[in-house]
Structures are given as structure tokens and as C-alpha cells.
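Going in written order, the chains are labelled A, B, C, D and E, and every chain counts its residues from 1.
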């Protein structure tokens, strides 16, 4: 159960590969990103080695996970245990290489900005590192290059969610953790929101109501119908705003553009309504001022 | 705990059978398909064999699950551990055949398109394979043919959900996974949404409001009631659209037909409203133009 | 860990008793029934027997659950593991009888029809059987008769939920499972929905609005207020219909009566609104036709 | 792992103490009460005893939980396993007394009535008993008296929830369970709902709308505005009623007072609306009847 | 598995360090605070010591968690088990110092007041203590000072949530627990709600509607449009109030300022509406009183 090296100063190189199967959920409210990934790890167990010729050609053996040491791989952003059933077996090759592959559901935190909602692009990182070993003991190395894993992930993508996977990049980093350094591999997943439905169901109706409100200037000020029309349109925009409150989290320092669009339309409609009331008031006052004059002229 | 064969080059044939008990949930938003299935596996354990005559006719033995090797069956799409209590026992027959049957709740990803909602048919796949063994070591074979398991599932169906089970098909595939091939059995579950309630509660009311809006052309343009009528109908459609936002996920590239239907009705009503305002404006302008003329004619 | 009989051909009789403590949840949308039940099992362990006289009168012993064989009782409809803490101990009597009692939260599927909602009665079944043993090996037998357990459950009922427990019936069945028969005990729980609040909060308001709409025929057709009145009432019914969409699952082939009631009221109000528009149009056309006549008669 | 007594006929006295830290949730819909409690148990282990003098003054030892027998304490109402991390250690004193203290999150059923909502007081019970032992074997005894634990709980209360903790009472009971008696300790938690926000956000607005409706009698019947005013107020009350449906469960036999209040206001407003329509109809009919008379008198 | 000291009277000093990675959720309704923290503990294991020179310079060893005694650290407020995967290894230094570092998701209760919502600042505490050991046996000591951990946490903050982390303070306390004292470290996390979106989406619209209502005094009392205008504005505020009910918990003794703001606006609009009705009534009565007089004067 200790690191399988012949001398404690030898470094164990862990070759890592990750591909993404599905973007299961992106919750801006909780700043949580849930992905379904495939992880492949291989490393050298220096205590194991055999010649396949001596064992009638047997060049690999499958053993249960608990029987051998495995790297204590942790993902820094991960906030929940893997919900998918873990793979129960390790594969050992004749040269002592041990392979482990696992499908995991990762629930990870991700710093998301909703400023440009619904036209936003989010970038979430997954940082793989060892929990306790320094980089003298365990070093991580990504196998495939970025273009290959992006392509691989495109093909493997199993869902049709709100988010469109763009690409996957990989970086090697070394971070200082107290008195020793640690080797890190950071995968960055970029994805773009499919905004079509938000445009059709939210942006367009608000725009329509704004047009309606502008068109209402053509209605004559004299009758009461202009006022009633404008306030009903305002009520409809209020109902639309209820929707916005459900979708948008109150998480950013800057007010999201869509909220500005919404409150802007609202304010414009408010101002035009106030202007209408004022005009109507002036007209009625004007006619009242004229009436006494007429009365006066009549009496003269 | 290793594969129970007499020589490592012998292949273990695993006979698999799956039937579906219930479609528990189909979440288009999360692209998740939850089913309750019954799985039957049987394989040969070459290290076990006895003659029932020697044991007073005992031809099968029930042993706890952990005492013997079991194939590391994984379902590629599965994203959560089985929530149902697992079956704790294996049955061993006198010829070394081992049987395992289990009722499982499968939470799996499924690529769903909501383009034709609520008249859509979804097809979800469940791919059974070994986690680490190549197809030289483990080969899967489905027992029953498609018509039989579809019929079987029809009878066993235990719920009355939103989704109507259509059929279940089964395919054998061999996929290349890195340096070896793996044997796969892919079950495809087809199901149709029961759309009656969506028609009655959503499509009909929107259609009704559209009719109302068309009928409003019969109302005379002179009074203010036409405008007030039309804008209230528009408000009602906005309330209906709130509902659509709750039901429909923003996941497709193409805008779903129902959203087009909804925004189309909305636009038609908008245009007719704008037209009404324009007509009213022209009428009032026309009468204003006429009045001076009348005044002129009177003064002449 | 094998069945505790002296000869493998002897049948183990398992005496079963179930009572229901609470109906925790009935979800028509997911077709899930959650109940809190009390289960009592007792069976003969033929390898255990002692005389209480030899052990200073000790006639029963309590041992941890894991130390002895227990029947692999499964409930066919169950889709989630028991969430309640399991009872950790078995009681062994001096004659070898073993007793196990446990409080369980059962999450089970249940075929529910919402056709008569909110006046519906649902019947959910819980089928107890052995997972792998045939009826030659394990036979189940219910202890108490139906009236007693119904009465028992009435007294034990611990919650005041939306569902009123009616009765509990028990049936013995033998089903063929592949090449052997299995003994089954099916408990059927009947319950009735408390519909008072649905009547007060949904059915009455819709009825009221329908009455209002009918009453509006008394309003004179000449003014614009009739139209405005009727369309506002229609809007109110649309808001009520939003509620229906939240309550009712789209699961049945037949459209539920309450949806028909709702869409029926809606259609009636629509038709009366269309009729009003038509009448207003005819009246205005009639007066337009009369005016030229009057003009004509004047010019004559 | 058996009851630690020198002779099986000796009773193990378990001294129990419970205090409540927080009322986490009270769900009337599911009839579930979630509390965060602190439980203290102590009992005599007759097989352990030492003299502290012989061990250099060591008078207590801390051992892991699994190493010694613990009473199989169950809470009858509990429907979910404890979610809080359990305390891993027991403390043993030199006289053989064993102490166990644990912080637990209890999810329990509770019979709740919402008749007086939002001015209701709920009483939830927690019944501690042994799962299998009779009262000859295990007897429970509460340590502190009611006033002390109520006071203790007041001080320890860690949250500011919707529910105001009133008091905690404790009762000893002996219940007959089949062929033996069991010792029970029943804690009853009383709590009162903080109703301020419900008054401000629900009761007041409805009352306001009712006042508005009454005030509308001052509006003259001649114009169309009275009708339009009254039906808009009715619409606003319908929107408020949507809210009630979300808050209130349909669980009681008697219709809750708040629902009666709401539907009563609604009915009153309906009736006044119908009366208005009738009066308007009679006035218009009256004037129609008068007109011919006038015409008649003119023609005479 | 007992405390690793050479004599039982020696105190084990546990050096503790906590930093906060993310504020995952703050639920005022349930009074729950979910944070993602990093915990570092180190203590002296007096039974372990070696000279690195004797083991070719090996100065630290990594061992699985279960092999050595660890302090039974509990967090008083914690109500759910850690959901994040625990770190599986301990690091032992040559001088016997044992280090444990772990990333944990803490679900803890927190007394929250919503009086000043949405401009509130919340302070949540996390109290670390031993479950059973007295302060003679285990003493806790925080390593870093407050300014350093606040700064550390600022840098480490991984999410952009509704809550802005302000600072982290640490206190040492000794509390009396029954017959012994316990050492406690209390971390207090202060955070401020980002209120921008609440202002834009809730406070501003209500203010706008209030302005509209005030502006409506300019509309002449004679026509029916003033009444219709004011009641529609009132309806819009009612819709906004629905939103408030979803956001705000009914947990405080004092009514939150925002509810007073909302109901205040509502009342003002009610009063102005009642005043309008009264004025209209008086005007109409006045004109009715004048008419007979005119008739009288005419007849004179």
C-alpha cells in the first residue's frame, strides 16, 4: 500500500488521459458544472514484472482495484463523490505497467460569469493532482495532445444539452503547496450556450412589446384607450420579467446585459406612459383654460 | 477472483438478457433517461462441476454474490449507481453454469431531440460491455430475439407514464478500445410521448386565442374596445408562453416546432395589432383632414 | 450462509406480516408510491435448538443480523434501497424459530390512472418474493387475515397526508419464473385522495368564472365593456389552467375529466365571446345599412 | 456483541437524554419533520470494571464504537438514516458505565393539521425504544426533567427558522408489542409558526382587494368602468389564489380556514359582480321601457 | 486506536488550519450554509519516530488513513456528512508529526436574519471541537492568524456566487460540556449579498409602478380610464409580490424591510385608488344635486 518503487527517491510517472462524454448540467446559480468524463491512468509498478513466455503467453492480468496501490488522484474542483459505479478492476501488463480506466460523473465548482447571458461562453477547469505526494514522488503527464482529445470528445459526446462543447485544452503546472511542489494537469473545457430558444421565448417578445409601445404613439391622446393599452403592455413585460428572475442568478458584480435590456425596455415604456399622462393633462388643462375664454367671449 | 477458465486463452461467453419493467423518467432538460430493468446473466465457471447423483439429487446451489467471480458488466451510458437493492445471491447449476438475475434502476444519458415536441419519439440506447476485458476474454451474447423481449416487456410494464413503450431492439457490436477489441450488446428502447394533455392544455388554448384575435377584425375600429381586446388576448398568450419556457429545454440547434408555432401566433397577433393602430391613426387623420375642409366649405 | 435445513429438499416456510404506518408520497408524475411499512418475518432455522431449562430459562437470544442466514426477500415493485435505518438484530427462540422485524420506507412503482382526478382511488401493490429460491425451497405465508391488518394499519397510521388509507388486502400467488415456480405474497393498498382543497381552489373558481361569463349576456352589446369583461374572465381562466398543468401528469391515454372540464369551460367562453363579436358586427352593419336608407328617405 | 450483563435476567437500564439544536424543516405536504438533535445515552457494561488507582489514575477510556455492544435504539417515527456524521467513539468509565453522545439529523413523520394555517401550532413526537429487546431486558429512563431540557434547548437553538420552538415534554410509556412489553420514551416538541410574513404578503392583500371591491359600489352603474374595475380586482385575487395552492397541502378533512377566507372573499366579489351586472341590465331595460312610452307620448 | 501519547495525562495538541474555497449555497429558508473548505490538521504521534539518516534520507512516509489514530474532529454546526471524496492518506514526518489535509463540503446550520434583505450581511460560524475528548486530552490551536487566512481565502475563492466573501475570523474558546471542559476553535465567515440584480429586477419595478400611480393623479377624474389604469398598476404590483413570496422565508420576528416596502407601496396605491373612487362618487353626487336645482331654477 506504499508507492511501488524500488527506491523512495524514484519518481512515479502517472500518464493521464481524460475525454468528455457529456456535459450533464451547468448550474449558474450554484456555480456548479457536472460532466461525465472518461479517465485513463497508467503507471509503472516496479515490484511487478514477468515474462509472458514463462506463463504460456499471458501478457496481462486483471486484478481487483483494492489489491494494488493506486495514485491518490484528486480533482481540486470536485465537490461531490463520483455517482457513477466505479470500475472494479486494474489491468497489469507484463512489464509492470498498471492501467486503470474509469467513467466518472464529476460535480465540480466553476467560476461562471453571466454577464453576456444568453450568449455566454463558459470555461471550466478540472485540475488533476495528487492529494499528498510531492512532485518528487508523483509526476503527472497527459498522453494525447489537445487537438486529439477535442476531436475524440466531439465523437464521444452522448448528449444534446443546452451547452455546445467547443474544445478541451490541457496544461501542465507545478504549484507550491506549503513546503513542497506538486505536479498538476489542468483540463479546460470551453462550451457555448445554445441561445436560440432564449431569443425566441424571451428577447423577441420583450422587443415586440417595446415596438407595440412605440406604435401606441399613433393612438390619439383624447380617448382613454391609449392609457389602458400602454399599461397592459407594461403588465405583460412585468410577467416576462418574472421569467428572468427564475433564469438569472444574482451572482455578478456587473448587472447582466439581458437585465439591462429588460429594465431598459421597462423604463422606456414607463417614460412614454408618464409622457402620455402629462400630455393628456396639458390638453385637458388647455381646453379648460379655453372654455372660460369662450364663455367670456360669449358673455361679452 | 480471476476469470474462471482452465486456460487463460479460453473465452468466457456471457449470455445476457434484458427486459424493461418501467420507464421511470425521461428528462429532456438533463438528457437523462431513467428505466427500471431486469437483467439476467449466465456464464460458465469452469472450476465448478458436480454430479447431482453424488449429492442426493442436489442440482443447484445458491451462494452469496461476493464468493465467486462475476463479469464486470458496465453500461456505457450509466451515470449513477443503481439505486435499487441488488440481488444478493448467485445460483450455480451442477454443470458449472452460474446465473445472476437483478432488478436495476438505470440512470443513463440519452441523446434526445425535442424538435417535434410534443409529438416526438425518443430512442435511448443501453450498451452493455465489459469494463476491462477484451473480446478474446469475454464475449457477450443476447439470448432472446427482439420480438420476444419486446412482447415480454409489454407484459411486464408496471407503470403508466408519460411515455408509451414501443419496442426494444438488440444489436451485437465489436468496438475497438485502444489496443484491443471489445464485445458490446446494444439495446435500443423506442418510446412515444403521450401528447393528449399537451394538445388540450397548451396547443388548443393558443389556437383559440389566435382565432379570437382573427375574429376581432369584425370589431369596428372606431371605439377603443378593439385595441383593449387585442392587447388582453396578447397578454393571455404571454402567460401561456411562460408555461412553454418551463417545459422546453434550450437544447436543440433547430428551434422546436412548438416554439415556432407559439412565436408565430404571437407575431401574427402583434402584426394585426400594429395594423389596427395604423388604421385607427389613418382614420383619425383622415377625419381631421376632412374637418378643416368642411369648415372651409362652411365658411365659403 | 446456506438455507438452514437438514435436507436440501425440505421447504423453508417464511411467515410474513406487513402493516402500513404512513403513506409518505404518491407521485402521479413519476408513478411512484412511497410508503412506510412494518415488516415481520419468521422462519425455522433447523440447525438451532436448545432447551431453555438447560440454560437457566433463557428462551430467546438476540444476535446481529449478519451472523445468520436470512431469506432474500425482495419486493418486485421496489426501485430504491430502503432509506430508513435497518433493524440490526435477529431474535432466535429456543425452538429454532428466527424472527426479524424491520421498519422500511418503500419506494415502489405503481400503475396510477389520473382519469378521475381529483376524485380518484389508487391501488398499489407490493409483491414479496424470494429473489432466487424456487417455491420448493422457500414458501411465503401471510400470518394475519385482511380485516385484521387493515384495522391494525388504521390504528398505526402516523400521518395526515393527501391520501386516505382505505384498506389492505393480501393474496397468495405462484408465478412461473423461467424453469421454476416462485411463491409470492401480494399486498394491495387502496387509498382515496382527499379532494376538498382541489374543489375549493380549482373547480369552484373555474365554475364561478363560467357563471360570470354566462351572466355577461345580460350586459348590453352596444358598449365596449362587454367585450373587455369577457376577455378578462378568459384571461383569469388561462391563469387557472397554468395551475392544472403543474398538478396533472400527461400520462394517460384518456384525457382526464378535469382537463375536459377546464378546456370545456374555456371553449364555451370562447364561443360566447365569438358570438358577442359577431352580434356586435351585425348590429353595427345593420345600423350602417339603415343610415343610407334614412339618408335616402331624407333625400326623397 | 450480546447484552453485557452477568445474568440474562438482569435488566440493562439505559439513561437517555435528548435536546433539540434546530428545527431544520417542517414539510406539511409530506408530513415530515426534520430536526437536529443531540442524544446522550449511558448504560452499565457489567463485564468492564477497573480501579483507577491500579492504572495510575486513568478513570476513563475512549474506544471506537464498533468494539462494544450498544443498545439498538430506534426512533419509531424516523424514516431516513441519519445524514450527519456519527460520533465514532464511546467513553468507558472505571465503574463500567459506558457513555455515547451523538448529534443526529432526524427525518421523522409527524401528524400535522393545517386547519389554522398560518396560525397553527404543531406537536411532533419522537419515540425512543429498543428494536428487539423487551422491557425485561432494556429499560429506558430520561435523565433531566422537562423544564430543564426545554431551557437547555432554548439556549442551544442554532437557527432562526419559520418555526418558533415552544417546549419539549417527555413521557415514559410501556407498550405491548406482540408477546412482550417494551419500554418507550416519547419526546414531544411543540412549535409555533411565525405568521408575520404570511399576514403581510397574503392575508392583507386579499383583504385590500375585498375592500376595493366593496368601495366599487360607490362607482356609478352607468359607465362601463365599474365592470372592468371589478373583474380586474377578481383577476388579482385569482393570482393570489395561485400562491395559496403552492403553500397549502390538500391533506386535511376539514378545509383550512385560510382557504375558506380566500374562497369566501372570492365568492363575495363574484356575487357583487353578478349583482352589478343585474342592476345594469335592469337599468338599461327600464330606460328601454321608458323610451317607447316617451315616443308614445310624443306621438299622441 | 487509542490516543498516541506515552502517558495518558499528556495532552495532544492538534494544530488546525481552515481556508474557504467557495461559498456554495446560502439557503435562508432552511437556514443552511454550504461551504467548500480546506482543512489541515497536524498532531504529534509519540509512538512514531525515526532518524532519516538510518533510512537513506527518507524523512516522510505516506500511509492510508485507517492505519493510525486521528483526532475525532467534529464541527458542531454540521448536519450532513461530507459529500466530497475524502483524502485517503496521512503523511508522517520523521519526528512523529502526522499531517492530514482534506477538502470538505460542509453543510452547516447558520442563524440568518433576512431583515435587511437584499442588503444583508450574514455571519456563519464553524466550531471545530473533539467529539468525546476533554481539553486535558486534546487541545486545538489555529496556526495562521486572521488576516493571513482571509487573504489566503480571497485568492483561493473558486466561485462567483450570490455572496461576496468579506473575511474569516478565528476564536479560541473553552466550553463546559457536562463534567469536563472542551477546547473549541470557532471560525466565523462574513459575507455580503450581491444585491444589484434584486434592485434592478424587484425594487426598481415596484418603485416605477408607485411613480406611475402617483402620476395618475394628473388624469382627469371624469372618464373611466383613471380607475382602469390604477387597478391595472395594482395588478402588476400583485404579480411582483408573488416573486417576493418565493424569495423571502417567513423566518424572522420582525417583518423584513423589503416586505414593508412592498406592502407599503401596495397600501399607498390602494388608498389613492379608494380616494379616486370617493372623489368620483362625490363629483357625480354633486352634479346630481345640481341638476335638480337647475331644473328647479328652470321651472321657476
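Basically, contacts are C-beta pairs under 8 Å (C-beta built on N, C-alpha and C of every residue); 3 or more make two chains touch, one makes a residue touch a chain.
What you see is a predicted model; the values in this text were computed from it and never measured.
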For copies subunit C and subunit D, work out whether under half or over half of the interface numbers are shared, and give different or same accordingly. different
Measure off the straight-line distance from the CA centroid of subunit A to the CA centroid of subunit C, and report it in whole Å. 38
How many Å are there between the centre of subunit D and the centre of subunit E, using C-alpha atoms for each centre? 23
What are the residues of subunit E that contact at least two other chains? 224-225, 228, 232, 235, 239, 242
Report the topology of the inter-chain touch graph, choosing from line, ring, star, complete and other. ring
Circular arrangement of chains, read from subunit A onward through subunit E: A, E, D, C, B
The subunit B residues in contact with subunit C across the complex are 21-22, 24-25, 36, 56-58, 61-64, 83-85, 87-91, 101, 103, 105, 118, 158-162, 193-198, 200-202, 204-205, 208, 211-212, 215-216, 218-220, 223-225, 228-229, 232-233, 235-236, 239-240, 242-243
Complex contact set, residues of subunit C against subunit B: 1-3, 7-9, 29-32, 72, 74, 76-82, 109-113, 131-133, 224-225, 227-228, 231-232, 234-235, 238-239, 241-242, 244-245, 248-256, 259-260, 262-263, 266-267, 270, 273-274, 277-278, 280-281, 284
